[in-house]
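Two complexes, one shared chain (chain A), two partners (chain B, chain C).
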Partner chain A sequence: MADAIKAMTSRERVLAALNREPVDRTPVCNPTSVATVELMDLVDAPFPQANREPELMARLAATGYTELGFDTIMPVFSIIQESSAIGCKIQWEQKDNWPTVKMREPIWETADDIKIPADLCTHPDTKCVTEAIKILRKEYGDEVAIIGKTMGPWSMGYHCFGVEPFLLLSLDDPGKTKLCLDRMKEATVDFGIAQAEAGADAITLPDHATGDLVSGEYYERYLRDLHIEFAERIPIPIILHICGRTVDRMEYIAQTGMHAFHYDSKNKPAESMAIVGDRISLVGNINNPETLFSKGPEEVSAEVRENLEAGVQLVGPECAIPLQTAVENLKAIPQTVRDWHKNIA
Partner chain B sequence: MAQTLDIGRRIELVSMDRHFHDISLGLYRLDGNDGAEFLVHSYSGLAGVPGRVAFVTEAMKTMGGLVAAENGRLRFPCGSEHNRGVRRVFLDICKLAPDEPPAARELNVFDPKADSTVTVTAYAGGRYTFAADKDTDKSATRTGAIANGIVKLAETTLEDDTTVSFDCGHSHDVLVAQLLPRAINVRAAVREQEAAASRGVLAAPSQQE
Partner chain C sequence: MAEIGDIANAFIRSEIEEFLERPKEIEHMVNMFAASSERMQNIAAALIDGDNGACDELTKGALDDGVTALEVMDDGLIAGMGIVGIKFRENFIFVPEVLACARAMKAGMAYIEPILSASGVEPIGVAVMGTVKGDLHDIGKNLCIMMLRGSGFVVHDLGVDVSPDDFIEAIEEHKAPLLGMSALLTTTMPNMGLTIEAFIDEGLRDDLRIMVGGAPVTQEFADDMGADGYGKDAMACVELARSLMADIRAG
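For the complex of A and B:
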């Protein structure tokens, strides 16, 4: 793979891999956060401020590239920026914990309640993201890939209706559920386009039809067509993110026209590659809680190699890493990729 | 240019030091010439951080029985890692305010559950026996439980109901004394440690409230 390819910048490498084109080596990619409390200290950009102030957001995100050696910078650490702009109640937490939506205090009950505010992309918590992307693009030019994030309507359904009410609605009334998704999708598209215009090279689209709650048939019924629409309307490569065991829906995901699927360690690399083939790139899938958080660099390296040997196009953590993850474990990911390519050259 | 350091494997982390601007403090384990070495480190560049790191480092000597190694590192005199024990001591020391002078504890502890005082006697070869000042069934049970607590907290071996020993064969009086109050309720100590370690792990939306 790597022999005949001239040396690439990180950005070129990531974009090529998203398009399943030849690369000089497998890119190391984080479609979700790699922020840690130690990196927050290093650049004096702690949570929760780094989720709300663009300069801090950009500074903390850049450590993924400057300190860890990843080929991407992903400044949208949380999954709540647009939910805050929509009006959800947010628990901003403190430095060592994630901000979350208070989903037990939902803001909507029916499809008629859904109103995407006109200031969705100029609200301080969404503008923070677009401003951070602009800062990063100005600072790093074309050398590194900048990845944004816009939440899909299924995730927004959890945030705005509450997890249980939204799932019950999907069981009781598919028509109304589709109506809700159709109305919420505009927030996904608008925030995605805003980040593309700010300079993002690609965008992560988490839509938590997760393996533990939603079946593959559900994905096909409710989300596949919406995801096809996102791929058509958002003008930069989309990396779909769904946690959990998802092999039962990878066939449908591969049909969406999205560029990549960020997949969980509950799916084996080889079995996942066998399903998606060359229709969509895979990104992942180093385990967070058991490996990156709890074990050492040797165990991290073993999982990286399993992905490389399966032909996974972009390697990285499976999801947003725990904030207490050790730096040496994260640095083991790009180091292992480089060593592996040297050994096969 | 990267500023993160190659300082070994991080074995413990205090993510927010309540006594110093919520900085993170890490305990790193390295291989030295004479065995395992440890380094207290913070990536924070705030003024005063070196002083806080030095305070914790010194307290590890006073309250954990570690000694100075090269380059600001620490080691146990025996050269062993004693992973669980050194991590527990580090966590306890990080709870100390800078104006609290570190002091080694005594080899005895009052056990409110048995209303008795348990005294630990050190013997050669890293052996320790536990005995209560009251001769009741409850005291006997609790003395064994405290010995078992030290087994869990310091990775010692239980030789009989009230005797434990370090596999390294060396004495660790200061370490045992420091862990003794935790051994009274080892489950609470372990729960606290696990809860602190699990903060910052992002739950899937389905698991959030």
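For the complex of A and C:
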């Protein structure tokens, strides 16, 4: 029971929830990004610099804890840091947009082209992440959970081969697709370990085998075993992130041994919990475009409560939030969690 | 009404029996395929199977033998895509399979498009399409464009990362009554609304029909930002474009 547990720090709370152990209250977490333009202005750490300079990255990320009241700090706002280190062309954008890989200009065509550079974890755009984690660990000690991010090979395939060529390859030649994934996985592991060594408590692993693109059977065929391997080789809890509809692959995801799954609002909390049971924690799943971005605190609270009532272990936005999201709406998440626990106590 | 047994191609029959559930759609597909020649059914079957080599060969063979480009396009390629669209909507197939079918359609359309443009057939409508500023994703948009072109629309593709000014310039240049915008990222979705506002500011909104789509976009979001329609997928996009053109013609 929540009321029988002694008060925890944010870090203790998050780690306990990731391990499906008792918590004093449900932790609030966004394993992807809570950066907003408003927060950038508040701490003078705008995009794109906050994606490339460790001090700014750490300063902006810390607002998730200091300003919003979340239990985690996540400094990796985008999904492009290691793709930049690998050699993909990046559109760094401005303050009001995330940086993006130019996937129309792929760098690889076949498995033989795949080369993970020796400086993957010391390239300026990956080192920025490990340095930011070190800064945050030094500043916040054991107070708050610091979460890193390493991209899975399926997402890396989109970046390096282009989405369309990679998806067609997966249909035309499953053997070569598996070979590509097997070669790219080393980048996932290396960057994950580098962030663990820098002080990250847990790591988000986005691998966008989303139901909007591929079937649940695809997840089982191409990714389940790789994700089991990641859980074995990366020495901190992994939070798998896949956007979109994923109910049809949650059974396989629950088999991976990963600690948590960051799930999207296209999946109902109660239905999702019923599938995964106590095999993996769920994180999510407040809708971004229609609720956090477009509506008010009341609607946000309703979605938070739905997750709490379903027993979801960590509550937060479904994905990286739109940069123009109102801070008021984000603050409604921890506030609702606190109120809900008070009411049931 | 035709019977499923009236369709000569066994693969088409099994696709209808296995994947179609809505009575009206079954009736429509059975009637359509039963009325087409076995040769057109074979083209449709190759497309549904994602076999671009067969689609290429069968399309070329049919045209060489004097079948009209319109018949091959309507009764073969587009008819096949109709089944693909339903299978995608119902989650029997996903994007890789649709991309393979699109590749097969493209192989056939490579023969048909030059014939149609040389024949001076009046297009159903003219559209400008693009992915909004800050967004580099285009699979969904490209599928929509392919289906629109296959359905008789002239489409000017502006690509990705398109600014409101570039949309405005293209609409004016091509005198297009239809605009299609796509976004995959929740952070770029607001740029659809900003583009619509830019058209209002330029005094061009009233004469234009605007449709939007993309994985995170919903009907509610489309309504909120003042779009004229939302298409969930490429098939819905074609239906929407046809309906918006009918609105325009009705005045």
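One rule holds in what follows: the second predicted complex is superposed on the first by the 345 of 345 C-alpha atoms of A that agree within 3 Å, B and C clash if a C-alpha of one lies under 4 Å from a C-alpha of the other, contacts with A are read in each partner's own complex, and residues count from 1 in each chain.
Just so it is clear, a contact is a pair of C-beta atoms (placed from the backbone, for glycine too) under 8 Å apart; a residue touches a chain by one contact, two chains touch by 3 or more.
Because the structure is a prediction, the values reported are computed rather than measured.
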item: When chain B and chain C are modelled together on chain A, clash or fit; value: clash
item: First (chain B), second (chain C), both or neither touched by A:Q49; value: neither
item: When both partners are placed on the shared chain, which of chain B and chain C touches more of chain A; value: B
item: Partner chain(s) touched by A:V163 [first = chain B, second = chain C, both, neither]; value: both
item: Touched partner set for A:N19, first chain B, second chain C, both or neither; value: neither
item: First, second, both or neither for A:L171, with chain B first and chain C second; value: second
item: Which superposed partner A:Y218 touches (first chain B, second chain C, both, neither); value: second
item: Which of chain B and chain C A:M103 touches, first, second, both or neither; value: both
item: Partner chain(s) touched by A:T9 [first = chain B, second = chain C, both, neither]; value: neither
item: Chain B versus chain C as contact partner of A:F293, first or second or both or neither; value: both
item: Partner chain(s) touched by A:Q324 [first = chain B, second = chain C, both, neither]; value: both
item: Clashing chain C stretch [against chain B; choices 79-87, 169-177 or 187-195]; value: 187-195
item: Contact residues of chain A, present in both the chain B and the chain C interface; value: 96-98, 100-104, 163, 210, 212-213, 244, 288-289, 293, 319-320, 322-324
item: Residues of chain A that touch chain C when the two form their complex; value: 91, 93, 96-98, 100-104, 163-164, 167-168, 170-172, 210-215, 218, 244, 248, 288-290, 293-294, 319-324
item: Sites on chain B touched by chain A in the complex; value: 2-4, 6, 8-10, 13, 15-16, 22-24, 26, 42-46, 197, 199-202, 204-206, 208-209
item: Residues of chain C that touch chain A when the two form their complex; value: 50, 91, 93-97, 99-100, 103, 134-139, 142, 160-161, 185-190, 215-218, 220-221, 224
item: Residues of chain A that touch chain B when the two form their complex; value: 33, 37-42, 44, 46, 66-69, 79, 94-98, 100-104, 155, 158-159, 163, 208, 210, 212-213, 243-244, 288-289, 293, 296-297, 319-320, 322-324, 326-328, 331
